[in-house]
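Consider the two complexes below, in which chain A is the common component and chain B and chain C are the respective partners.
On to the complex of A and B.
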């Protein structure tokens, strides 16, 4: 909306001035970037929990499931943005294609993490839980999953931070997120470099990744009070 | 024209689509003929020059094959640079190439004193800028506003706007507003009140400025506007236009015609415009075309133009 300050300097350090000049636009992109990074991990975890449990419960499921989810992760994100609309019956520019693509990646990362997390529960623990009367379902939710929490949250941290960077790619198809700042900077860099929007995009992405990462660590501490009790 | 920019910019975005699109091109790519015929006792000027441009210029019908067919011009060598971007400009400036494929609105042409060689045989199809709009949104009021903009848009005027965004680093929406008020188009009113439009743009500055000009003018006349800017591929946004998730887009007559109809042969502004009106799907219409064109052009430095006294592309085929 404003033009005065942004026309003055191309120094990378001018990113703060650029931010102040384009605040409402930038904050809108930051908000979109945030929910686009978080929502797919939440949905992805909900899908990955039963799949991971399956891979743990029936050992023969593990190798093929890990291969398939691993393959999903190798699909270039930008190709997904071409493939998803026809497959899911969405319009070419439907914003839903971004969370769908990221959910696929999150599932790919989290299935292995859930399976390995459950595998980290020792047989002695399971036998003890069974001995004191836990049925399989109760044992899963009250003994195995809580013990697997540290492994699963470690995976969540990776998935969240990966999403923050992949979301930016959706900027290339015009989707509203911090990726737009990179397009902006690139476009205005043709005769000579113009860094402020690019640096601002990097700074905001890194800050967002840090905040999300710290939130998951906090969540981990909250869900595993016994670990603190042991240490102190 | 700028279609290739999107492919380069979002090369993987359109991987699936461009692969199929390029497949047909590469199968008939005979580039060898380009360099073989120029040599001989009567060497042409072109045979002493190195031409630079985007990769597909070697095989595109209006690229090297078209220059050979229309003007008998065959360059000594072809070097791949980029699609009318910084690499091409700096290569031309520092003499790594002698002639370049650039876009006519590029501010770098003026600022470096480059010379555009005239194209009397219309090797490059006309690329008049015009609004493509969803029929259901094209009320008389909306048409009046957009045609009013097209009436004032000129190639050099557009080049000035690009300079403001790319060189002076101003915001596209501010530049758009300024242009509207400079041209007496910033009047507020109710010509478009009640109309809801989603305006899209491709991911290069000129197209963003055009989308902002449409947006600001329609907003001032009471329309409610949403913008989806910087869409990285024509495959994506053209689909959006056809589906109705986008209502309005600034397009280039020659490029959009080629995109819809690969066999289109028209080159003059009026022929291309007429062919485009026929080729568009029933839910899209082309409003008035502006005189502003952003087309490919063969560009040389002032020194080269003086040395060989070049004015048109045909001059390159002379012996010198």
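On to the complex of A and C.
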């Protein structure tokens, strides 16, 4: 550390020192970043489940639903953050606008995932479940969704990691999250480049994405013991 | 009993899958629906548990109109077995089998003990209970499928080509076990297959359907072989009908010739009474195969497995004329080997003696 400190205080590798100096502020941003990434995926999944089921149940719904959700995903995030307050009747910088935007993205991504997950259940299994006397709702929750878990969790991983990156963009319009570190980095980069907060932001975002990704993988393993069962 | 009363299935595009079908599947018997693709056999089967709704007509389950029973309740009273078994990949074997008991609200302990009992019944070792379907072979999965269908002891079972997707050896085994199981449980079974041999082997009665959902003939397997009603049924039943019909005629108690034997592991003998072939048996008198004495040096080497000709089939005393004739025809010595129920040697019979039995049996009057 002494070697690094003596070389230059603006060295990118100084991010650890920067973190220790601004610990409480940075941890607050990390916490905000975490729930802003996770909560929209949870809400998004709850909304995507019935929509995905519809797209699977009524095949004609699938193509238009995928087109619409696909288009939603192409709206640049910064534009969506700005558009949401007038549409939902919020103030210009309401803390709800970021989770709302991210929920929209998550739904857009997860509708297809849920529909494809349900499609991954074999016809024989569905036929057997029906013939055995499952009613449609029981069949969905006891047979189809449990079997769709691996496909759905794969989609959740993508959605979470994407959210970690999009949340940071919201930092640049003043929201409390790790994106603030990038704003700080830019502001302190006059006249000379000052990297530590920027590198710290990147490192914390990557670590957060990694932890969330591993959590979903662990959840998947917990829910699908049958996937690890191999022929003996 | 299941009764089809002028049941028709017409699809919106005008295709008629089943046309005015009248058919009764009697209680405790196996009724096989057989026919080429497009004959409506699977459609007919699925109309029984209302996976497909008939366009017109009534299907009676004993004296109840199936259209008046809530579908999920109807289905829980009817066991269902399909090709590839359709097991739930995310549930262990014991839980797969207990599915219907769980749905019916049995307590977990009772459902599981019922499930384990059924595993034994269909020939699955108890340590399979905690495995998942992906860990089982196709034949084992199909056993689980049968056990699952039987779990709540439904009076009726529907089986849709259950043994089509397994290899021929396993299929024979599953068919034989299925017949033995049915002897114990006596369910009312409707069984769909495209394989006429399977229909003849398993059916108490066989319904041959022709394309368009018409019933061509409903008869016992023996009748179907000896008296097909028309050219379609005759063609569908296929070749070798006379020979296959022998499979339904008992050979009675066959009087056999004593057969000279040699023991496996003993020195090769110096010659046999009847030509170069001698029957080799093990210490329990179970026939192992034929030894050609022209091909070995007498007295020098011991008889080993590798020296035996094993192409001959065995006839069991009390079995069919078909098995007796086949034993004689397949034996290199021309002498068919007859064994008792335990598989031990009784003696031999020649093809001409079997033919005499065939000639001498009471002929069914031909129409």
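As a convention for this text, the second predicted complex is superposed on the first by the 221 of 232 C-alpha atoms of A that agree within 3 Å, B and C clash if a C-alpha of one lies under 4 Å from a C-alpha of the other, contacts with A are read in each partner's own complex, and residues count from 1 in each chain.
Heads up, the rule we're going with is that a residue touches a chain if its C-beta (ideal position, glycine included) is under 8 Å from a C-beta of that chain, and two chains touch if they have at least 3 such contacts.
What you see is a predicted model, and the numbers here were worked out from it, not measured in a lab.
**Q** Quick check on the superposed pair: does A:91 touch chain B, chain C, both, or neither? Answer first, second, both or neither.
**A** A:91 sits against chain B, while chain C stays out of touch.
**Q** Taking the superposition on A as described, I'd like to know which of chain B and chain C A:81 touches: first, second, both or neither.
**A** first
**Q** Counting only touches as set out at the top, which of chain B and chain C does A:125 meet: first, second, both, neither?
**A** Only chain C; A:125 stays clear of chain B.
**Q** Using the touch definition from the top, say if A:44 reaches chain B (first), chain C (second), both or neither.
**A** neither
**Q** Which partner, chain B or chain C, touches the larger number of chain A residues?
**A** For chain A, the partner with the higher number of touched residues is B.
**Q** Please indicate which partner A:133 is in contact with in the superposed arrangement: first for chain B, second for chain C, both, or neither.
**A** Touch partner of A:133: chain C, not chain B.
**Q** Which holds for A:52: it touches chain B only (first), chain C only (second), both, or neither?
**A** In the superposed model, A:52 contacts neither chain B nor chain C.
**Q** Report, in rising order, the residues of chain A that make contact with chain B in one complex and with chain C in the other.
**A** Chain A residues touching both partners: none found.
**Q** Give the list of chain C residues in touch with chain A in this complex.
**A** 49, 51, 72-76, 78, 80, 82-92, 99-100, 103, 131-132, 134-136, 145, 148, 158
**Q** Under the stated contact criterion, what part of chain A meets chain C in this complex?
**A** 122, 124-125, 127-135, 138, 143, 146-147, 224-226, 229-232
**Q** Where on chain B is chain A touching in the complex?
**A** Residues in contact with chain A: 9-10, 12-17, 85-86, 89, 107-108, 111, 165-171, 173-175, 200, 203-205, 208, 228-233, 235-237, 239-240, 243, 245-246.
**Q** Any idea which chain A residues touch chain B in the complex?
**A** That would be residues 1-3, 6-7, 10, 21-22, 76, 78-79, 81-83, 91-94, 171-174, 180, 183-184, 187-192, 194 of chain A.
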